[in-house]
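Input: structures, listed below.
Look for chain A in each of the two complexes below; its partner is chain B in the first and chain C in the second.
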Partner chain A sequence: MALRDVSVLFRTPWIIITRGLAFVIQVFVFAYFISTLIHIPGLNFWEYYSIGSVVTTIASISFVIGYDIFEEAEEGLLDYLLTLPVSRRQFIIGRALGGAIRAIIYTIPMFTVIVIFWGFNQPLSIASALLSMFLLAFGVTGMAITLAVSVRTANRFDVVIALLELAVSRASIALYPLQRLPDYVKGIAPFSPVSLASWNAWSSLAFSAPDLLNIAALGAFVAVFLGLGAAFYFRRLEGGIYA
Partner chain B sequence: MSTITFERTGKRFGDLDAVKDFSITIKDEEILGLLGPNGAGKTTLMLMMGTVYRPTSGTITVNGFDVVKQPNEVRRLIGIAFQDPRVDGILSGFDVLNWHLKMTTTFDKDERRRRVEDVLKALDLWESRKKRTWLMSGGMKKKVEDAKILVQRPNIAVFDEPTAFLDVPSRLLVWKMIRQLRDEGSTVIVATNMMDEAERLSERVAIVNKGKLVASETPEQLKGTVKGGEVLELTLNDGSEFRPDMLTKFPEVRDVKKQDNKILVFLNSGTLLLPKIVDTLSTQGFKIESVRLKEVSLEDVFLTYTGQRLE
Partner chain C sequence: MFANFAIDLFITAATFGNLVTGQGVNYFLYIAPGSNLITSMVAAFQSGRDVWREKYIKDLTSYLLTLPVKRPVLAFSRVLGGVVRSVIATFPGTLVICYLYGIILSPKILLAYLIVGTFSLGIVGLSMAISAFSSSIEMWVTVRSAIQLYLSFLSALFYPVTVFPSALAPIITSNPMTWAIQAFRQLSPTQFPQVPVGDPLGSILVLMGPSLAFALLGTICYIWYSKL
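Right after this comes the complex of A and B.
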């Protein structure tokens, strides 16, 4: 089931190429330009922004699984998938995992570009950054699935998921440091899962100092939304016990 | 062995009883036709049996496995071909079937390919096996949907309107393949609102209306329940001496009407009774110019049980 979701990514290679190009332009044109305007002592803003861009991209891609499941439910494909000999537990974890792996595969080339460009070469730091990105992707897919099965109309779903994506990704410290954020964002930004992941990725890569507390918080984020996703899923589908 | 038992099964969506107090036992290796108009509850019955919907009352067991308590065991036994094709539009017909087999069987790559190739060739889809399903016509897509179950060959094969959107040759082909599936050991359930499909394909027909089971017998038995449903039309050279009581003495004859030289006999078991009637009239000196027997159709049966026409 997870492989099915991963394979979806490779059916539309042009999306990877265009999004990849957009990322390159954002980091090497836009970020370079504004980094010449922003000076924060002890912070290489261009480097900070580059890492944050990868993290926000992975969050954004992880939301796509929500659209997939909503469409499948609308088109009736979900009924078919639910008749396959796969337990509901495997089904929900498989879908979330598939969405997360897909997001990771999608962003790996961008991550590689950043790692090479900035010369990050500590394997443990790279692994720590990837772990936080994977946990973020896994949690966001759970969140997107929860939303896909709890919102009933297509228009409402589009609006809600867009707002949620905006809140999670933009109201975070992924692209701009906390001290430069407006006051109305400062209060919530530290709690965004994107903030947790980007902070750990940045501190791991730039300072070889993984933030274990952040990783634990991301683990909790995954558990909560995977559980919520599963609960809503079964309630919505009425499809038997949580086997 | 794949006996399916619905025991006072019900499914409620809000205030609507989609299925109510539905009880039936489907025997091993039989082809059961579920006949009913759109909205009768046929698809809901199938989705409950396929563990997609949970019954709100009663039970459903498949080979002794309860669909609510042991859904995983049930899913391993059943394959459902849906009314509207449920295929991933971006995949080709070949990939749809290959993926379906990958998910439902333990066949290796070669066996999967062999089965998919056999069925696609039989359904005349092999040439377009690489075409993405969203580019296919409604009929082709429907054949791919049916093919999922034909390649899988599950213990219990469920087809929801298997020949909707198909042309006549394709319909005959699909029916033949469904019968083959049963011959190879599958129990087959076919939901349909087409009389000829139910009649030609099913060994037993269950009539479903407004979520309830109305009748369940072989097509012949069901036809026999329509009293006087067959019409024997006789034309005599001279009917002036004919009296209805000459024929109403037969218990199978329900009514006799005379229109000049034409005699209309409303009866059951017309094929068996016809020689006796001809003999009786000949003995009385009547010369019969023509004989025509209109048999009871499943449509008549449906009308009798539900008070409405299907098609």
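Right after this comes the complex of A and C.
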């Protein structure tokens, strides 16, 4: 199942081109020019934004599994998938794992560009950043699966998932430092899973100081949403809307 | 659309307002109209997507062509319909920007809607032209994204034109977003650096050039592809 999800994403090269182009322009045009206007002592805003862009991109790609699952149910493809000789448990874990693996494969070229461009060369720091990104992808995949099987109409699903994606990424410290966020966002931003992952990635890469507490919090996020996603998905498959 | 606009304005633009300081300008007010123009751009592109869906998904184009109106009228009315939709979708957002600029009770509010309408006219035309040449929705989305990136990041939306190297100046000044945002900023009683003081009508007139050209292109493409 995981391999199938990985190959599905790479069968639509236009999506990869679009997101790749958006990433390049965002980091090397927008972030470069806007950083000439931003002066925060002790912070290289362009570097901070570059790392955050990779993290928000991985979160964004992880949400795509939700669209896939929703479409499969609408198009009747799910019935075929359920006839495959794998257990329901393997099926569900395979979907979540596939969503996370393809998100990490997809963002690795962008991550590599950033690592080379900014000269990050500590293997442990790079591994720590990648671990937090993988945990984020795994958790967001679980969140997207939970949504895809909880919301029943296509329009409502589109709106809910788009707003959630926007809120999780924007109300975070991935792209902007916490002290410069508006007051009404400051209270919630540190708890966004995107914030946890981006903070660990940035502190690992820029200061070689992984934040273990953040990694643990991301692990909890994964456990909660993977569990919820699996429970909802399992219930829908066995006697729910897909029965 | 309004939720999208609100997140753009009250999180992203507000954050940039806190980030960009010492430029002698309230940066939040400087980029605030950008949130509304981005929303109008998204709404305007939706019209082109509808035209694409009518042809490839819903198979509605043949029915529309049986209606008792001439094809050029039908085609241009599709463009105008998209503009009206976009202006309606951004109606509350435009009000919010006018409130922030302190012109909500001034006749200038009409100019604000004129700017949104003129800008949308070009984008609707452009999105309909893309629909005529895209055989798959993925291709359509890719071209749309490329245009959105150009309009958003290679314009004066986030930063003054002087930030760019001189080699990029022609690209920035020929961008319709640059003129739309400049016209909006000229509505504000606050003077922004590098925004010419005076009547926004001049900027609106410049904006009308590409907008009318794109609207014409969209109309011609719609007529051409409906014959296929």
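Structural remarks
The working rule: the second predicted complex is superposed on the first by the 238 of 243 C-alpha atoms of A that agree within 3 Å, B and C clash if a C-alpha of one lies under 4 Å from a C-alpha of the other, contacts with A are read in each partner's own complex, and residues count from 1 in each chain.
Here, a residue touches a chain if its C-beta (ideal position, glycine included) is under 8 Å from a C-beta of that chain, and two chains touch if they have at least 3 such contacts.
As the structure is a prediction and not an experimental result, all values here were calculated from the model.
Look at A:R4: by the touch rule set out above, it reaches chain B but stays clear of chain C.
Chain A is touched at more residues by one of its partners, and among chain B and chain C that partner is C. By the touch criterion defined above, A:D79 reaches chain B but does not reach chain C.
When the shared chain is aligned, chain C comes close enough to touch A:L163, but chain B does not.
When the two complexes are overlaid on their common chain A, residue A:L178 makes contact with neither chain B nor chain C. When the shared chain is aligned, chain C comes close enough to touch A:F30, but chain B does not. When the shared chain is aligned, chain B comes close enough to touch A:S87, but chain C does not.
In the overlay built on the shared chain, the residue A:H39 is in contact with chain C alone; chain B does not reach it.
The contact sets of chain A with chain B and with chain C never meet.
Across the complex, chain B meets chain A through its residues 47, 50-54, 67-69, 71-72, 75-76, 78-80, 82, 84, 86-88, 90, 99, 103-104. Those residues of chain C lying in contact with chain A across their complex are 3-4, 7, 10-12, 14-16, 18-23, 27, 136, 138-139, 141-142, 145-146, 149, 152-154, 158-159, 163-164.
Touching chain C in their complex are the following residues of chain A: 12, 14-15, 17-18, 21-22, 25-26, 29-30, 33-34, 36-40, 45, 162-163, 166-167, 170-171, 176, 180-182, 184-185. Remark: chain A residues 1, 4, 8, 11, 75-77, 79-80, 82-88, 237-241, 243 touch chain B in the complex.
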